[in-house]
Every structure is written in C-alpha cells, then in structure tokens.
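By written order: A, B, C, D and E. Residues from 1 in each chain.
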Amino acid sequence: MFIAKVVGNVVATRKNDTLVGYKLMIIQPINANGEEYKNESVAADYVGAGIGELVLVGAGSSVRVENQRKDSVIDLAIIGIIDELIV
Amino acid sequence: MFIAKVVGNVVATRKNDTLVGYKLMIIQPINANGEEYKNESVAADYVGAGIGELVLVGAGSSVRVENQRKDSVIDLAIIGIIDELIV
Amino acid sequence: MFIAKVVGNVVATRKNDTLVGYKLMIIQPINANGEEYKNESVAADYVGAGIGELVLVGAGSSVRVENQRKDSVIDLAIIGIIDELIV
Amino acid sequence: MFIAKVVGNVVATRKNDTLVGYKLMIIQPINANGEEYKNESVAADYVGAGIGELVLVGAGSSVRVENQRKDSVIDLAIIGIIDELIV
Amino acid sequence: MFIAKVVGNVVATRKNDTLVGYKLMIIQPINANGEEYKNESVAADYVGAGIGELVLVGAGSSVRVENQRKDSVIDLAIIGIIDELIV
C-alpha cells in the first residue's frame, strides 16, 4: 500500500460497466514527510474520501478480493483514510 | 488506473490468438496537468477510444476479469474515455 | 521480495474492514548496503516487527495466499525480520 | 503491453522445468519513436520472433492464461510481431 | 523475467512459515552488457544458484504456479542459471 493525497476526480461517462457507481479520484502519491513523488493516478474510492484528505491506497488484484468487486476492472483503490502518520 | 492520451495504434498481423479483434492503441501516460511522463505503452481498447482522446487505463489482471476476457493475454486496457479532470 | 527498514506506522480508523487487526507499518526500502532508495510504502505486519528493525517485504497477490488472508485488500506485507545480510 | 526490439537470447540449461521448450529472448523496450528506454528483460517467445524484430510484449499473469501455459513460471512473453506503429 | 547476479543471502529466523526451506538470495539486476541497474532484491532460490552466478529471475504470481508453491508468500524467485547471453 502507499500514502497519497486526494487532489481531484475524474468524470468519464463512457466507461467500462464495472466502474459504474464508483467515485474515481485523482490521487497524488506522497511520502511520510508529505512530499510529492511520482505522478497522479486514479483510484476507485472504497471509503468515502474527500478532496485534500490523506489516504491509504491499495493496488493490483488485492483491491478486487471482496465479493462485490471480484468482477470489476479496478486496479487501484482508496482503502483507508489516514488519521496520523507516526514516524 | 492512470490517465493517458491515445497517440496511435499498432498493426500486428502475427499475434497471439486471444488478441484478435481488439484495437491495440498506443497510449502516452499524462498527469492531471496534461504533462507527459514515462514512455508509451500499448493498450487494448475496450470502449471505442479515438486518436487524441484522453482515456482511463487499467492494468494487470484487473483488465481480464470479465468473462469474455478471462483467457486473453491483455495486461493493459483503455477502460474509460475521460470527459473532465477536476483538480 | 525486498529489504526495508520499519520507520513508523499509520493510524487509520476509517478503513476497509479486511485491514482491521493488522498493524500498518511505514517501511523505507533499503539496499544491501543499508542505503535508502525509493519512497516509503505501507505494509501489513505479519511477523511482529518493531520500529527500526530490518525486514523482508513481500508484494502483490503473494501476500494473500494464506487462508486467513485470501480476502484481505493487503498488497504489501512484512514477511520476515532480517537477522543478517551476507554480501 | 509494451513495444520492444528483440536483441538476443539467453542460454540456460539449468532452469525451472516449466521453461523447457521456450526460446528465452532478450528484449529492449523502445518507445513509439524507436528510442530505447529502461534495461533489457527476458521474454518467452510465443510467436516465433527473430533477432531485430519489433515485438509486442505482455507481462504478469496475463501471459499464463492459456491452458498450455497456466502452470509455467513465465512472467513476460512476446505476444505479437509488430508490422507497423501508426503515430 | 530479468537477468541478475547473485551477490549474497539473507538470514531471517523469524519469518512467514511458507518461506521455511528456501534459500533467500540477494540479487543485483544487471543488463545484457553486465551493467548493474536498480537496487538489490531478495529472491527465493528454485534452482540451486551460488554466489556470483548469473541467473534468470521471475516475479509475481508466476513464481507460485507450481503445486508445491501455490501457498507460499514468495513474489520473486531464481528460476534459471544463465550459461550464456547471446546479444
């Protein structure tokens, strides 16, 4: 998993059916000091995250293990909202 | 998932059978400001994207979860056409 | 797998149910000479690692193969505590 | 998938049984302008590619979906021979 | 797959049960000219490789396809010992 900041969202009306119903958020990876690295990605929101929030992001087949998501084309998802980073 | 621009397509007559029927598009990853990063990749088109369009791209086993694609060697696919990036 | 140092942990009360019960540790990848590279990631702790310890980290679907973890959204995990690097 | 050029091959007599019978080709990733990026990798050849040819390469579990390959340790494969890149 | 050199090994007594019995080797990725790139990783040894040997390394779920390894947390493995690189 990695730490990111929610910086926006994507509007895409013509998309794969299995994405319907998910908010597609633009996330900016950040390190434990809050510094940005790499470019933005797009993650499906599993926990109701808002713009500006610090989130925990999961990738790959792991974000499709739950029954209701086994058949979705999601490969990146917001799986937690971070209260605190203790370093 | 990530954001990309469709910049061309690949012609490959001798290819794995499971790729037959798919348009193989050359995509250029871009960030939320429209700037290019990384090199181009090749994605199977699931939604009828055209050259120049801004698209949402999925990767890995997630792009093979739908029944009609479970046995295809596709590892990257265009899964949405982006109307708008709200940042 | 890769080598990392445990540098902190993440507090996230609103998170995917399948993460409940796991310590979410912030890990800093290091090479065999102990030098840092890449940015921190977040790994579920499978072996009781402490802050400052040198650990072995596994990624992807491999960290969900054990029965009790098949349905968890974990994609990165601490799977060993390193006693020694012999180079 | 990505675009690459076949630049050589690997000889490895002591190898995992499931690799027996496959030509293991050294491939150099290139972008749509023919420029090299990243380092070489090794891909199993699924389509009879020759040295110097421009090829389409697939990665991860996608290159093991076909029945005859489900139990092979292959994680990278040449899945097409490129006739033309239209950009 | 990629080419690497075995440069050492990891001693980890407290580790996930499914790693028991495997030699955990430190590997340095190299390109076809023998030049080092990226940092070291740790791979389970499937073929009896020794320190200094040139090896073929597989990654991801592909290194868990064989029955005896389906339930192991291994995500990187030495799957061949290279006799020769023909470029």
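The working rule: a residue touches a chain if its C-beta (ideal position, glycine included) is under 8 Å from a C-beta of that chain, and two chains touch if they have at least 3 such contacts.
Everything numeric in this text was worked out from a predicted model, so none of it was measured.
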State the smallest step count from subunit B to subunit E, taking one step as a move to a touching chain.
2
Where the CA atoms of subunit A average out and where those of subunit C average out, how many Å apart are those spots?
19
Euclidean distance of C-alpha centroids - subunit B vs subunit C, Å:
31
Multi-partner residues in subunit C (2 or more other chains touched) are 60-61, 63
Graph of touching chains, which shape: line, ring, star, complete, other?
ring
So if I start at subunit A and go to subunit C next, what's the full loop of chains?
A, C, E, D, B
In their shared complex, at which residues does subunit C touch subunit A?
7-16, 18-19, 24, 26, 39-44, 60-61, 63-64, 70-76
Note: in the complex, subunit B contacts subunit A through residues 1-3, 29, 31-32, 37-38, 46-48, 56, 58-63, 65-66, 77, 79-87
